[in-house]
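Shared between the two complexes below is subunit A, which pairs with subunit B and subunit C, respectively.
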Partner chain A sequence: MAYVVTDNCVDCRFTKCVEVCPVQCFHVDERMVYIDPDGCIDCAGCVPECPVGAIDDEYNLPDDKRAWIEINRDRAAVLPRLTGGMEPLPGAQQRKAELGL
Partner chain B sequence: MGMEEKIIGACPQDCPDTCSMIITKSDGIVTGVRGNPDHPFTRGRLCAKVNNYQDRVNSTDRILYPLRRTGLKGTAAFERIGWDEALDEIASRWKAIIGTHGAKAILPYSYLGTQGILNGLTVGDAFFNKLGATISERTFCDSGACTAYTMTIGHSAGVDPESFVHSRYILLWACNTLTTNSHHWPFIEEARKRGAKVVVIDPYRSRTARQADLHVPIRPGTDGALALGIIHILFRDGLVDTDYVAQHTVGADELAERAQDYPPERVAAITGLSVDLIAELAHGLSESQPSVIRIGVAIERQSGGGQAVRAIACIPALVGSWRRPGGGLLQLPLWAFPVNWGTFLRPDFIEPEPRVLNQWKLGAALTGEMALDPPIQSLMVYNANPMVMSPEQARIAEGLLREDLFTVVSEQFMTDTARYADIVLPATTQVEQEDIMFSWGHMYLSYNNRAIDPIGEAVPNTELFRRLAKTMGFEDPSFYRSDAEQIADAMLWDAPQMQGITLERLKREGYARLNLPSADEYAPHANGHFATPSGKCEFYSSMAADGNFVLGLFRQGYDGQQSGEPIDPLPHYIPPQESAESNPDLAARYPLNLITPKSHAFLSSTYGNLPHQRRQAGDQSVTLHPDDAARFGIAASDRVKIWNDRGAFEAVAQISPDIRQGVIVAPVGYWPSLNGGQATVHAITSSRYADLGKAPTFSDNLVAVERC
Partner chain C sequence: MTMATRPFRVAVVGAGPAGFYAAEALLRAPEQVAVDLYDRLPTPYGLVRYGVAPDHAKLKQVTATFQTIADLPGFRFFGNVAVGSDIGIADLKRHYHAVVIACGAERDQPLGIPGAGLAGVHGGMAFVGWYNGHPDRADLAPDLSGRTALVIGIGNVALDVARILSKPVDLLASTDIADHALEALTRSRIERVVVAARGGPAQARCTEKELREFGSLPGCAVTADTGHHGVAPATGVPALFNAFPSQDGDHAPRRCHFAFGLQPQAILGEGKVRGVRFASRPIRDGIAVNDPQANRVVDVEADIVIACIGNRATIVPGMEQDEGDRIVANEGGRVRSGRGVDLGLYVAGWIKRGASGTIGTNRACAVETIAALRADLAALPDPELPVDALEGEFRLKSLNVISFDQWKIIDQQEIEKGRSSGRTRVKIVPKESILRTIYFNR
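And now, the complex of A and B:
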């Protein structure tokens, strides 16, 4: 069990979460970040850092988000680890606004 | 919906990290918790146990009113009663027991279910000392390490955990940091960014070992031999800081001679490690300065655990790592906190010839196996759940079933111990009580502001003992101090460590660093100043002459009647009682060595009943090496039985090469009532003591395993 990044991260990728992760368990592709569930220690430090509320405990995910559990596991396994924050993607602020956040 | 309000609290659990927490409430209901991002050590993070603490507070399973048993013991059949009725029944039963058997027939049983200075370790001590009850010797955690550590370097705070950023070689010995001390990790990670090497010594590849630069998969119970092997190489290869040793230690020549008995070839055979690996550790500790060793609680839980800590505690002085910030040994920063323990312990209330009973012996004491005179006729449990966390589980259950035993349990939930009670009293959670908190993993004093009024008729432990004192007719005004008065008494506010810290500031900010040098400067033993009888690091211990002892803090303040078994003044290796090498006959029947680490999702047995944590932890598991699985015909997810002469429990098999062959791993904390086989790990552990401080021997178990 671990924390999971969900669809709100797509095309935002603010990466505030990465800056606070004590075990550097975030992995990244061109659109979003993913949590390696074997590396995550469940500290929840990343959750309040995300400006778009994309991260939650696996346990709390509603049914329509549970697919993200496997997506995080699969993508983290093949993508590079991110060790520091990055600039948000160009449309991030607009997407955040679209999400009503 | 009302205004959302935030209150600064502190995590109550028995964990080194003591996180500063921000509690959110709305309309008098706690709606969430999070870590306090301002806290320099815990930095806004909590953990798998506490992230959803609001669910614990608001659980519909909470015990909110006093209960009286209506059915058979152990069946959790209760009726609600009032507090007055409950207290009257307790008083009349206790007075009758005292009249017939004397007060020694009453046994308190508690530890650190909550860790606040008011509501935690010592909350009932003054009461039971005054009552004349049997003194409870509580050696649950670090007692053996404390005895060994005190003998060697004194009650030192040791290295500041924040100073680890300056360490060049970090040895995590028997410590799964990422599960049981996770807020320390960023400091270790920072050191690594600056070039430090991180080494983990653990019989299995824990989640911490997986993150390390080097994992040392030691055979369980042989850590003392490894430490002495390292010391052998330090002397052999000229790796000793001779100036430091000459100025600040006692007994180097005797230790060097003793270490002759532990050449690397012999140590390799004992520990299952290679000669080269042992040499690498010795050279790393000496040559990568400052080097630091962090020992976990598990180090003591073996027959020779105390002497293992003695040997390990010698190493930083031998290599001179105490000279600089980030060098030395980290065990319990608790000793940095000037807590006014005496005001809670009140050893002056103890009668001249009390009786002391070690808590590991609960099963034997209750069943009459110990032939106590007077026998235990009443048990009062608070801050503890012995049915899950004490050895000889079946024997404890048998004892708790005694019809003539009057059992009182104060609890938040219907634990597997509370199920056997005659009277259950409702206890508050941390958000419903006020407390001030030490830490045994960082240098910050914390304050827990009460966020909400107690739910139902639950009371803090402080109030529980005020009520009991009144019921028993105690007159000493100290029993009736309010929580605010106790908080004012809790610290030695004039101590140098407290300068600049006021209660007002603590309440407002939630934490304050003790007035110590900064972590960039703190090197407590750069110039010796060890709190031992000689003032030096005692390789040859002068305190050994008085024999084995348990610190008074763990025995209600009582220092008499210590067991006093002879102690070798020099560190040495004591093999496990139960291993293939030490007991081949037993190993022929029980070929596997079981170790019992803490679960990632539970804090000992706490949270073992909550849906969120149970889902994360899964069922009671046991992990085997693939070769052992093949040998015993076990496949992943098989339900298996694990047993020895003491008992049996069932678990779901997991198979992993992360475990040493011959070792199996079953985490502790699962409740028997929620585990299919009606038993959990402590069904098979023994109540034997380790060599020092009456630590347990939970890593010293041979077992057999088969498919159910």
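And now, the complex of A and C:
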């Protein structure tokens, strides 16, 4: 079991999660971050850090978000690892507001 | 050579998560920095080795990250050197540009109520250190011959302690739990564990994942008295508590019960604990209500009490404490001294911000401290004495300094011993045994 980044991260990419990851298992593309499920040690530290609640425990994921389990695995495998936080994407605050957060 | 391009030497004190992440931030910085990481124990990893529960093996995989940090050029481990007593902080500063103190919050918050000194009353850090084989806690010898254990507090440490006491011992037998603890738990006659929270379910500090484990403890009936009426909480920790039955219909060999709104008033007993007196507060919407008129006195019987109510900063001789001993006074990691800061002295991790968060919280915390340190670098004078002189000093003091390569001997021996007995690792506990393994390979 691992933690999973879901659709709320898309076009936000605040990367607060990356700063507290003890094993640096986040990978990044131009729109969001992904967790490498084999690197994740289930510490749950990233969950409360996300300003848009994008990260959850695999166990808690509702049916309509379970596809993200495979997406995280597949994307993390081919994308570069992120070792520190980045500036959020330009539309991040607006997108956060749209999400009602 | 300009000030900012000098080679720098920094001592980091405490080889737990905060110390390793501080070392990493320094070693990966654009400046040329060498790091000596000190620990008063011969073994690295701090609370990952001596705090994380033995049945949480996945969390301990973070040590692979620490090993990667130890492999960075410029890293050295100085184990078995107690900064503050073997060598003073002021002495250390004479050999380094800067010193980062990251030695945590290893003292238990005292209960501070009558009877807290009775036999059978333990602190959570002490108990956790005991079952994890911390050399200083190995002789705690908690008496598990009674039937009821009372855990005070409801953070993740309290849940760890309650789980270790409730779990069938054969599920612990393959872990790296200390041999002495495995033996004591095998003989344990505890059949009822009560976890007493001061607040309500919505105020509990524990996290979902840790609480969910109580839903699948074999042979243990878990109950919770949430004081909840009306609409049930839908999500999170309060919902999980709510999902436990309030009364147990099973005849399970062991029971674990969560109770709320219980403010400890006194430990009862003569010579030895026999119970705890609480002021019981009503719970409304998941929150304990502050109304002295509504309090009732409740006595809960207990044969052993483990108080998991928080931590206080580790005492480092020569450093001032702040916030009732919770932390060392600092400004973003710079140690405060009088009205200013003590230039060249820093803190990171629990001793800086208090005992909270997950392992990785210490990474962000250490990164902040090292950013402050790097901003100060140009202003830091070169050390008075060469760093090599320290090793001579340690020899003069007959200190057995342990290097990272020597720790690897211990690591391999423990894993090897584990492999031959079907366990992930068999910890070598007493300091003397660790040193003997290193020097004589036995």
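Note that in this section the second predicted complex is superposed on the first by the 101 of 101 C-alpha atoms of A that agree within 3 Å, B and C clash if a C-alpha of one lies under 4 Å from a C-alpha of the other, contacts with A are read in each partner's own complex, and residues count from 1 in each chain.
Criterion: a residue touches a chain if its C-beta (ideal position, glycine included) is under 8 Å from a C-beta of that chain, and two chains touch if they have at least 3 such contacts.
Here the structure is a predicted model, which means the values were calculated and not measured.
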{"item": "Simultaneous placement of subunit C and subunit B on subunit A, clash or fit", "value": "clash"}
{"item": "First, second, both or neither for A:I41, with subunit B first and subunit C second", "value": "both"}
{"item": "First, second, both or neither for A:P51, with subunit B first and subunit C second", "value": "neither"}
{"item": "First, second, both or neither for A:P88, with subunit B first and subunit C second", "value": "neither"}
{"item": "First (subunit B), second (subunit C), both or neither touched by A:Y59", "value": "both"}
{"item": "Which superposed partner A:E19 touches (first subunit B, second subunit C, both, neither)", "value": "second"}
{"item": "Listed stretches 256-264, 400-408 or 454-462 of subunit B, narrowed to the one that overlaps subunit C", "value": "454-462"}
{"item": "Common ground on subunit A, meaning residues reached by subunit C in one complex and by subunit B in the other", "value": "20, 22-24, 41-45, 57, 59"}
{"item": "Subunit B to subunit A touching residues, read off their complex", "value": "34-35, 43-48, 51-52, 178-179, 182-183, 185-186, 189, 207, 210-211, 600-601, 612, 615-616"}
{"item": "Interface residues, subunit A side, partner subunit B - complex", "value": "1, 20, 22-24, 38-39, 41-45, 47-48, 57, 59"}
{"item": "In the complex with subunit A, residue positions of subunit C that touch it", "value": "17, 58-59, 61-62, 64-65, 207-209, 212, 357-364, 367"}
{"item": "Contacting residues of subunit A [partner subunit C, same complex]", "value": "19-24, 41-46, 57, 59-60, 84"}
